[in-house]
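Mind having a look at this structure? Questions to follow.
Should a chain be cited, it is by its letter among A, B, C and D, assigned in written order, with residues numbered from 1 in that chain.
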């Protein structure tokens, strides 16, 4: 063995046990007791988690002339420092650009500049024949998921396009990941608010209320039902949408639900912060009333919600967010979170008894890996899996602050929150990448993941 | 009194009682016992119902170069002979035509050629400023309802248009009447079936399954919820849509539901008839599986369904329906029914114990009158209301046949059905228009109703 | 005509119209315009309502050695002064007493001492053969409803008894009226609270939470489903029970729901009043959180709730309620309301746009009359019905106070509430019984109603 | 290592991977590749499952003078031959017997006579102080679950008892396992059927319809909600109960659901078999209509159902079942199944695509182990767990017949069913107990499991 992690408590989606973990050539090679190796890490009193998988991040995403503030370098370093050893970002083709071309360019941006392994979802903005033909080709190259938007003019597809894309996705085993908000409704409500002079961040949630989200979710699920295609609902936020999902499941549909720490832990009260502070919390769908948080936690615990991702999409408050001063609809939507997900979920989820330790691993690592074709390489600790490992100190206390985090953004939505439980050491493919609070890995060590 | 109806059992939406009914100048003028008049009709052993209101008919509707086979003359005669003394038809503007112009032309087609009073729903096929401006003007002229389609290329409106139309309707007290089917889904499914060579009528229901209807209903209700506008769902057919309506009501929305005798009494098995016979039953949304019928009857009984209309839209089997031989998507959609609604509802509803006598009157007369601004002139028997009266023999047995009916169409979907209970005499505005099986009224006696 | 009410606006469950109302020999005899009579009441600008029916009152009910403070004299006078011209009280047999004997005794208490007509529900406290045999006999004598309790040791029946009683009721056309709370759960929770020293009125709602009510309702509806018997749920209070009712209806059961002004308008916050004041609001099931009120109003508006009764059961705060000082479980349960129902429902329901004028009449008069076999004698204004009439001034403003009310009790739960709309004149069987704020009728004029 | 299983595909609730499995001293000791041991089993092309756990069996259960036909010897041999290496049976105290005394006697029956490890659920038939006091004592001794019945006179507890038992269970970490059917309803329906001369087996399901089960489930969940106690619903069979469970979960309750292969795969049509054959399928709750099967499979797949057990309770058709000739209520309730569960679930569940391979292991092994305090000793394959292993040939085809099975009963409900996939070798605590179709283990090798 090249490395052995001794005396830790290994936790997977279903198991918890004491054992030594032997690593060889970047893979988990042996699990047992009293394993010998040249290098030893003592994990007594620590949890040994599979590296966490964040299947929804937006690094150096350019939109409307601005670019999200974490690039592949800073973003993957921040991920690693937070316990995430795999991310899935997006291929967003420009108008007229083919998916293959866009994928190639995106790979160019990332390859050699990532600290951890990464995958890419495709984003389809049309259902032209060429697009449909590219899907099976790209699926074979490891792009086995497809982001679809029901809003945003540059990205959205209409119902007929959705149907063709869902059918095509189904036929080549691609999983659709859908952002569900009714575009026309959002446009209408925004205009109404602006016409009434309601321009502050506090009006953002009123421009995208729960019905707007639940409507689009119901529509997408109905269309998917017609072509018998599974659907992954990105960042579900509210009771109304959850009810829609349950109805679809009762009629036999395969539906997966993703939530984010933002929607689990923050409420629409944040928009009432003085001045322009609310802009820090502008994202879509927006933060909701507190009853929704409770429902999301219940769903996470009892199996109705499958994944916790971050939808990390950082904008500096002092710079990009300021574009929306005077018009909340111009505030770039998105919040940072790639580095804080694991600590928050452990403290607020596991410690508070809302979810079990196994479930924590399942929704933050195993299910994202399985749903997106990364398993068994990622998402678990078994013989042959990548040695992506988080040695986690359940008692380490940290006060979150943007100053200490590695995210390249000038605020943290959870500024000042105290968490208990934090990664001690993070290992990616057998190499230590985070230790004593610092990134110690190598930019460029991450690879593109051909997902299955 | 000009006329007295003696010894009958008067039935309204809420009452049943024995009394004489005095009519003067076409109005109900006196209710009591032992009323004297020059002319007397003895109604011993008969029910005295308010004239029935059919709020959803399509007479001489031209679409795709063909015209529905009942014009205002034959259609209103058939209505009268079946106990219906008020209909509401539609103003369907041609491309580029203003609503006001279309309304004027539609009035020209009908005025002087109707045997009974009639109203007109507007149909909006766009949300252009001119259209929105016309709505309050036309509302004041008695067009207080607005048909909206989510399917049919010539008619449908998109979500943004829907929102503006719903908002405009709300602001001037117009009730939206919505045909809910997802257009893109229908197009997609039709194409798939045709591509597989599935061209017979039996494939019609598979091109418009329940999810297609329920999706559009949910979308319309969500949008209406955003602008706080009531909605009347035309011809709801299935459990899935009913569930959606219940969810909307629980969140406080005002939703009205219409069903038709076709969907209450016939099932998708009709499409399995040999040869091209299934074409007789092609309508949209299509006939459904039998479990849905049971659910519609329950909803009708317990108050979740408000109206039974006919959606009368007749095409001759030997002529127009033949257009779809070789391609079910070209079968003109629609079925006759304007004359048989009341007899069917009484026999199959009241006699079988599915609905009460009061509820029968309520859903076939009072609620359509109230929801569409005809009350108290229509829909009930009270002092001052129009003397539209059906003297109904609960024991008269009739075998339905297109040969005996007055509908101008070469088939009856209920051919050979035996009903028990049939109108003896029908009175419109104080004049007998139907007696001994024959129309004895006057074409041209009907008037346009300015609805409130 | 003996009396004519001129120029009023007659309102029934389904109609609203201007007409004169002719009364002869205590009955509605003629409806029209310009009717002549010896005595005329001008109702210009007033509503002419059918006398209201309160199907759930407890006058001079003796329980645990104390007697509710309104006897048949004061209680029926108070009812009349509030616009209620018919009540239905209860026959509560003593241990070992036959239903027939108990009914005879209860008749003795009431006959000659009631100001308005009254009926009596039976209460079955067992399902012994004798009891089951008495039901059809008493049904023929006009006792066509049967109160059943799932709690209170002296009254409650077990599931097996319930089944036999529901089956027997079904077979002789008796409607079961059920108080649904799980007795063992209430006893358990009460004991837990007392064991923790929680003795104040504020703990009352915690001893009977919504689940306790919804559980019993579900049980009763399941049992009724097995024997195909309709059920009337008395004083439903919460969302949880309403959901249970909707499930039962969807499977085809006939279920009626009653609510009270207390649960519509007051919340559990009342229990937090200082000192022992909360005891004034102790009733079972208790007042609930505000979300439930909204749901009850919605149900009332859209047809899921059928009746508003009072469950009038007054105890003086200074006397009987004091029995529970030091132990909330000993507070006599019940609140007054027989006189304030109509004014409250009109002000808070009709005026605030929560229910329509027709629906107001329907739930306070017509449906109670119909469901309990009083129709068409009571519950409406039609030829031949009793001339029970409320001439109601929609603009009269009154501040409610126990000092002004005729209820024989030392407090009013709505003390200080300002209502707009109040009865001007109340007529029972053709005789004015209330005018200018005073009872002007005759004690003893009321009769026992043989219900059908 | 004492034994190594080489080249197999290890499957746990969350993982699937190729590895060798080293066993030492009856425990899993090493997982890796190329492990050396004295004894080697080649598992190429086979699945290596954790031994399956059947948490609901009734061996040598005496009731009404007869004893279920599998005793601890034959029953545990049959279990082992079917791939089940752990069972949980019951301690059913006799009237007046303490739980501790009953547990001691039950241990005497089993110890030394079991081929595999076993646990025991307690059964509480009362909530007397002594019983409540015994619970924490017995919990410490490994009896950490408590069967409660809402039916069967000898076993059932009333609501008040239920509350006290649920509260006591909660306080000492005992999981209640509840058989939910409304006793009084069953008694009533049985009597009605017998009174009508309906004595054949086909009437069994009509004496215990879905509402009877769903009612009791709702009641138990409501009561559990009041004391915040988790509940495990034994053998749920129908849509109605599943809806109740979902409502409870939405309000935050912890509910686990168990189903059996009988209810997943057989329908009430079995009761229509000629002659007395239907008696073979008499169990409670009964087999249901086919729509329910579909719903149970969906719930199993999407996580709403947690466990598949057998409720194995065999009676010979030629002997005990004959007691009910002439009166279906006297047919001993119960069906065999301890040996066929795994083969059926694999063939009908995994092979038909209804559930995944991981889910199969989860519901048949891991979750039963976790919920009942056997994990991590049982239910998975991790370092330190018992070496209970099933080497499963996914392609082995077997036609089920009672003649070939080891169950001591004269029929198999699945007689003639062809399964594909069957255990090749079964290992219990490191020893092979089943090989080449025969039991090769040792009676007496099984131990009592102190559950946590």
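Everything that follows uses one rule, which is that a residue touches a chain if its C-beta (ideal position, glycine included) is under 8 Å from a C-beta of that chain, and two chains touch if they have at least 3 such contacts.
Note that the structure is predicted; figures quoted are calculated from it, not measured.
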Distance between chain centroids, defined by C-alpha means - chain C, chain D (Å): 51
Chain B and chain D: spacing of chain centres that average the CA atoms, whole Å: 56
Chain B and chain C: spacing of chain centres that average the CA atoms, whole Å: 39
Chain-level touch network, classified as line, ring, star, complete or other: ring
Interchain contacts, given as pairs of chains that touch: A-B, A-D, B-C, C-D
Interfacial residue positions of chain D with respect to chain C in the complex: 158-160, 162-164, 182-185, 187-189, 209, 211-212, 214-215, 218-219, 222-223, 225-226, 243, 247
Partner chain C, residues of chain B touching it in the complex: 10, 12-19, 22, 29-33, 246, 249-250, 252, 294-295, 298, 302-304, 362, 366, 376, 380, 382-385
